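Here chain A shows up in two complexes: once beside chain B, once beside chain C.
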Partner chain A sequence: MSSKSSGLLFYIVSRILLIIPMLLILLTLIFIILRVLPGDPVYFIVSPQAGEHIIEQTRHELGLDRPIWEQYVSYLMGVFRGDLGKSYITKDNVWSIIGRHLPITIELATCGLFVAAFLGISFGTFAAYKSKSWFGVFNTILSTIAYTMPVFWFGMILQILFAIQFRVLPATGILDTSLSITRITGLPALDALITGNMRAFVDHVARLILPSITLGFFISGNINRMTHSNVLKALNEDYVRAARARGIKERVILFKYALKNSLIPVITLLGMNFARMLSGSVLTETVFSIPGMGSLLVNSIFRRDYPLVQGIIVVYALLISIVTLIIDIIYAYIDPRIRL
Partner chain B sequence: MNIEEIRKILRTNEGKLMFAGLVILVTLSVIAIFAPYIIPYDPSKTTPDILQPPSLKHLFGTDNLGRDLLSRIIYGSRISISTALLGALVSLPLGVLLGEISGYLGGKIDKALSMIMDSIYAFPSLILAISVATILGAGILNTALAVSTVFVPTYFRVTRGHVLSIKSKEFVEAARLMGASKVSILLKDIFPNTIASIFAIFSVNTAWGILIEAGLSFLGLGIPPPHPSWGTDIRIGRLYYLSGYWWIITFPGLAILLASLGFTFFGQGIQRILSPERR
Partner chain C sequence: MSKNVIAVVVLIVIVGVVIGIYIYYTQPKPPAVISIGSVRVPTHLDPVKTTGADEFNLEFNIYDYLVEWEPETLNVVPGLATSWETSENGTVWTFYLRQGVKFHDGTSFNASAAKFNIDRYIEKGAFRSGLKYITNVIVVDDYTLKIYLSHPHPLLLRHLSIFIGMVSPTLIEVYGEDYIDTHPAGTGPYKVIEYVEDDRIVLEANKDYWDTPPKNSKIVLKKYADSASLKAAFEAGEIDIIWSARGDLFPTDVEDLRKKGYNIIESESNMIRYIVFNEAQYPFNDTRVRKAIAYAVNRTKIVNVVFSGQASELYTLVAKGIWGHLDTFPHRNLTEAISLLNDAGHNTAQKLEITLYYSSSYYGTAEEYVAQVIKEDLEETGLISVTLQNVEKATFREQYKAGQYGMWLLGWFPPIPDPNSYLYYFMNPIMANAIFSSHYNNTEADSLLSQALSTYNQTLRQELYEQLQQILAEDVPYIPLWQLKQFFITTDKISGIQVSPIAYFYFHTIEKK
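Take a look at the complex of A and B:
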């Protein structure tokens, strides 16, 4: 037991150390894209028509006239000190702006993840069970459509159907304008529950349904395919055939034997889809007017709020590194061979 | 591979889907190439018939400036597909070259390159493309470049994996014993064997490129308005679809779905056929 936990601890520590190069690579990539590629960040703040004097002055204020390696070092130092600068537009601290928007994206992503897991695992399992019938082919096409569909378009189609045609769900926003939620954790649903604001909770949850289905269906494609092929493989394994020979019911075989053994890789796949989920959330938030990180990114690009754009992308890099780490640790916990 | 084998593959579900993908791709290519001769109306000509629902006169309806949507979608196929193809093509040499080198040399170079590529691969592709597009500005070529940055790691991973699996094979060993140089082994023995899987990933990447271009254009960071592109049309429709003008976004979206589905079915079909389990 003690050797098992110390092995896991060693693995966790070495994985945390490995996160540093990954983060450095991502931060360098962001620096290269935002500073080294052709395109002068000065023009994010002043128009190219502004006088030479103003352009030079702004360049100096931003430190863009310093040598590139000096800019790189001060950028890295800033990130590691936790200083992402101030917004050009609102003059607020970039961290505090992101702090207001991040929880909303996390809430949406979590709901999307549940929808994706539910859709992917149930359809995938059923398709494997019925692989000889038309449902097997139908499911292959359905999962590929989920994977290759323009996610923003799917969201708009859902809005047309459920908000315009049938009028059962609201189309946009996260809360009716007549309602408000006192901010405690930043997660609107949780805050509404804590403060006992049931009207706001119901309204907010109703508004989360369509965006969650949009994001969830988009992510479900991968999970569906993997569940489908894993369960299919498991159904042909010796232990399943042995169970069948012993006269165990088909339903028990499917859920207890085949599905259970197929789920470990599916769980990791859910984590690996985190990056796709962030991509999808940028578009989903735009379509449904949800004030999360994705909307913030798009809006700050159009307002040319350069420090905010950079800060958001840095936070995305941090999120990706942390989630990758967590998945690796969970996987090592489930499957001890990884630690060796 | 002989005809009998191809027949056998086409009888499986994957084979049928791959064939369906090929049919979609050929149809779309014909439409894109002959677009000027097929379109019923000038795609950029504004008319007083604004926001007309689908009818016999305008099969897909008209947009807010009275432009015929069917004509815009037919013409838009040129820009949407060529931007995606260009994006998938530009990144190919770099990704493949690095993958060949990394897989063949191994050691520290391989470790470092793999780590860099894995980190980029882990980053959300659309957000990476958004960052590049923001700096380069809107435009067809810039959008293709923004799309292409996303693909370097995908080519790298596939090529590297393939090189690793064949570099210990006898024919490579034989070339080495005969005194062939590393460059010559890479070019003459290893590279030709990776072409098929590079082609498969190229097709899958193009599907992805269509989606990224559509996403960028929808956000207003991709193809600028005078050009008809599917994503741009949906961006235009965004102001109207919630007021009941559903057709402006529905048909361009279906076109995006169809094109990316075609490239995906085709690319995944090739990947399956090449996979070692099948051999």
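Take a look at the complex of A and C:
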């Protein structure tokens, strides 16, 4: 094994090992914060007419009458066994609840990422190329709007225009109420394709368009700005001037020289934003009534469904760790100084 | 060249997809499916766990009960029991059960299945404390059942018709208790074929239903995150009916849809809203102060300004549409309010300072406007200064039960259409304290409540409940404010919606063109 690849392997292993204490600290914090917060989950389960004995009995059934440290130890033991517990409200296994909601958010975040990458990189690059024209000014305004505009407001505008006014796209949900998709992988689009349910596939894809644009447009502001400044910087580098002097076509200079060299930090930013979209798509999910992880987390926090909130946080932490690890590995591979 | 070809192909694919989606969406949807949108869907479908209106409502569509009630008149009618009789002293009830009925899983319904469900409810049911009067359930033969009571109880038939939905015993024995939360099997007009939590529940008509089969084949109950997305989905043609039973749709949204020409059916909902006082706290331990507040609140303003007329003013705790309802609380009278406050020692130099607690995350955004209107009403006396305190849903109930509030806004949605459901929990000293922490204790009222619960004489019961409502207006431990209306908003394609005064929605009568 070469020293380069063994160094990289060591780096990867150490990063994976670091995830364990990070998860432990996070879990402890979430566990404590949830219990310190005012609000008793029992009141979301028992009826308003329930007497004290029913309240106490429910508390006992949920194990909430045990000392906090005992609840903590038993929860941690469960987590190490891969058991995240059961939801207080639906009594369903936390893994299976997350398993139903996470693929929807992954699909939405992936589509949002494509929209963000397409809008951000294309507009940013072109604006850098035409920085002194009206398009440069327009792009600055556009990227600022994308960055600062409230997501829910933009989503509602798209909804009113395309779903209610022109009726060319659906307004809400992930599937028409008359259709259903047999669950195989959990990803609705993929499952519809596997089962050959083209009607459901088209319906589902159409339903992803407006939320993806909403989410992607918001993220594109960042990508646009970074692409713009990096391409602009690259276009003034000596190697670009040298290329121009050699008579290379402007299109080739822009895409092969300037853009290619500017893309690495942009891709990193896209990766980070993907992680952010996984956990931060709640507003988009609310506007478009998409049953993803964001709305699941918000609902479970409001209901003080401790096992579900903790489970979602663990999954988020794992996902974000994996995404950042992949980005770091790519970086480490490209730039050996990081491994030192 | 090759890049140009790729670009053209990509463009053709994109245009093709867009055209495909457009054609797809301009096609009419299969008429057999009726979709109903709401901001809530049930969190489970097991009758023993049910406490909320969303669960009760859906259960009425998938389960049957020994006795049932007509949605419009609320009269008790035969259900899975075709007839029944009572012993002379009123403590033994014999039910004769319907034959040839099967659960959705194929199990036969009989007296053992009925006993299984009643026993299960008495052991685990959410409202089991109210059914302690049932002492024994005996299977006489396959289709005869006897229920023994500790004393005559006028609510037995109501309890059987609402709390104890008949679930297939086989299903519970084979798959366990939690399974029926999402995979119920009753004998009712609909079977649950898909349950996606926090998203949708799909019901299919039970073709073997023993009574008149549903007029539609499939119902989809779809949940939306909030009033805005529910309205957007309806306007985009994605759902056929919006059912707003408890102020789910914001008043201005209802008005907007009315202006746009959609069909709106409105009726009273049995949900009441009121102020609760903690009589153990100063200044609410003084009846004059509570009465002064009752005189100062302006229900007309709340109903017109906040709800655009989509609610009814309420002057007693028993909802309109429920027998025994009698207006007993005074209408607004500022002079009377000021006089009472002066008697209690309050004047402009020494204003009465109070805090009104409310929870907009519990009852919706309109709650903030209601609180503001009440503040203005009370401050109009010139003798009261009100601080408003909005409390998060998760802590609201915990804090008022802990006795931390002196005056707060609350709602009540009893499942049983009987005045007892509106008065007992508020006026029985143990219940009033356990549920509301109101510290209300009136022995005369408690004695009247007990009398009303131990007789089958309807005239006597009516008299007793009217007396109780008079006592409430004298003692003012609570101030009834308004009663919500329910709305069904539909497209022209929908007909046959049956409205019930207690805001339950039976799906089997709905038709779609």
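The rule we apply is simple: the second predicted complex is superposed on the first by the 281 of 340 C-alpha atoms of A that agree within 3 Å, B and C clash if a C-alpha of one lies under 4 Å from a C-alpha of the other, contacts with A are read in each partner's own complex, and residues count from 1 in each chain.
Quick note on the criterion: contacts are C-beta pairs under 8 Å (C-beta built on N, C-alpha and C of every residue); 3 or more make two chains touch, one makes a residue touch a chain.
This one's a predicted model, so the numbers in the text were calculated from it and none came from an experiment.
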{"item": "Which of chain B and chain C A:Thr286 touches, first, second, both or neither", "value": "both"}
{"item": "Chain B versus chain C as contact partner of A:Asp92, first or second or both or neither", "value": "second"}
{"item": "Partner chain in contact with A:Pro21 - chain B first, chain C second, else both or neither", "value": "first"}
{"item": "First, second, both or neither for A:Thr195, with chain B first and chain C second", "value": "neither"}
{"item": "Partner chain in contact with A:Thr110 - chain B first, chain C second, else both or neither", "value": "neither"}
{"item": "Partner chain in contact with A:Ala171 - chain B first, chain C second, else both or neither", "value": "both"}
{"item": "Touched partner set for A:Phe302, first chain B, second chain C, both or neither", "value": "both"}
{"item": "Chain C-contacting residues of chain A that also contact chain B", "value": "37-39, 156, 159-160, 163-164, 171-172, 286, 302"}
{"item": "Contacting residues of chain A [partner chain B, same complex]", "value": "21-22, 25-26, 29-30, 33-34, 37-39, 136-137, 140-141, 144-145, 147-154, 156-157, 159-160, 163-164, 171-172, 275-276, 278-280, 282-283, 286, 297-298, 301-302, 309, 313, 316-317, 320, 324"}
{"item": "Complex contacts: residues of chain B adjacent to chain A", "value": "13, 17, 115-116, 118-120, 122-128, 130-132, 134-137, 149, 207, 211, 214-215, 218-221, 231, 234, 238, 241-242, 244, 246, 249-250, 252-253, 256-257, 260-261, 264-265, 268"}
{"item": "In the complex with chain A, residue positions of chain C that touch it", "value": "17, 20-22, 24-25, 29-30, 32-33, 35, 43-44, 51-52, 126-127, 129-130, 178, 181-182, 194, 196-200, 202, 218, 220, 222-226, 228-230, 232-233, 235-239, 361, 392-395, 397-399, 401, 412, 425, 431, 434-435"}
{"item": "Contact set on chain A toward chain C in their complex", "value": "37-40, 43-44, 46-54, 89-92, 97, 100, 156, 159-160, 163-164, 167-173, 176-178, 180, 199, 202-203, 205-206, 209, 285-289, 291, 295-296, 299, 302-304"}
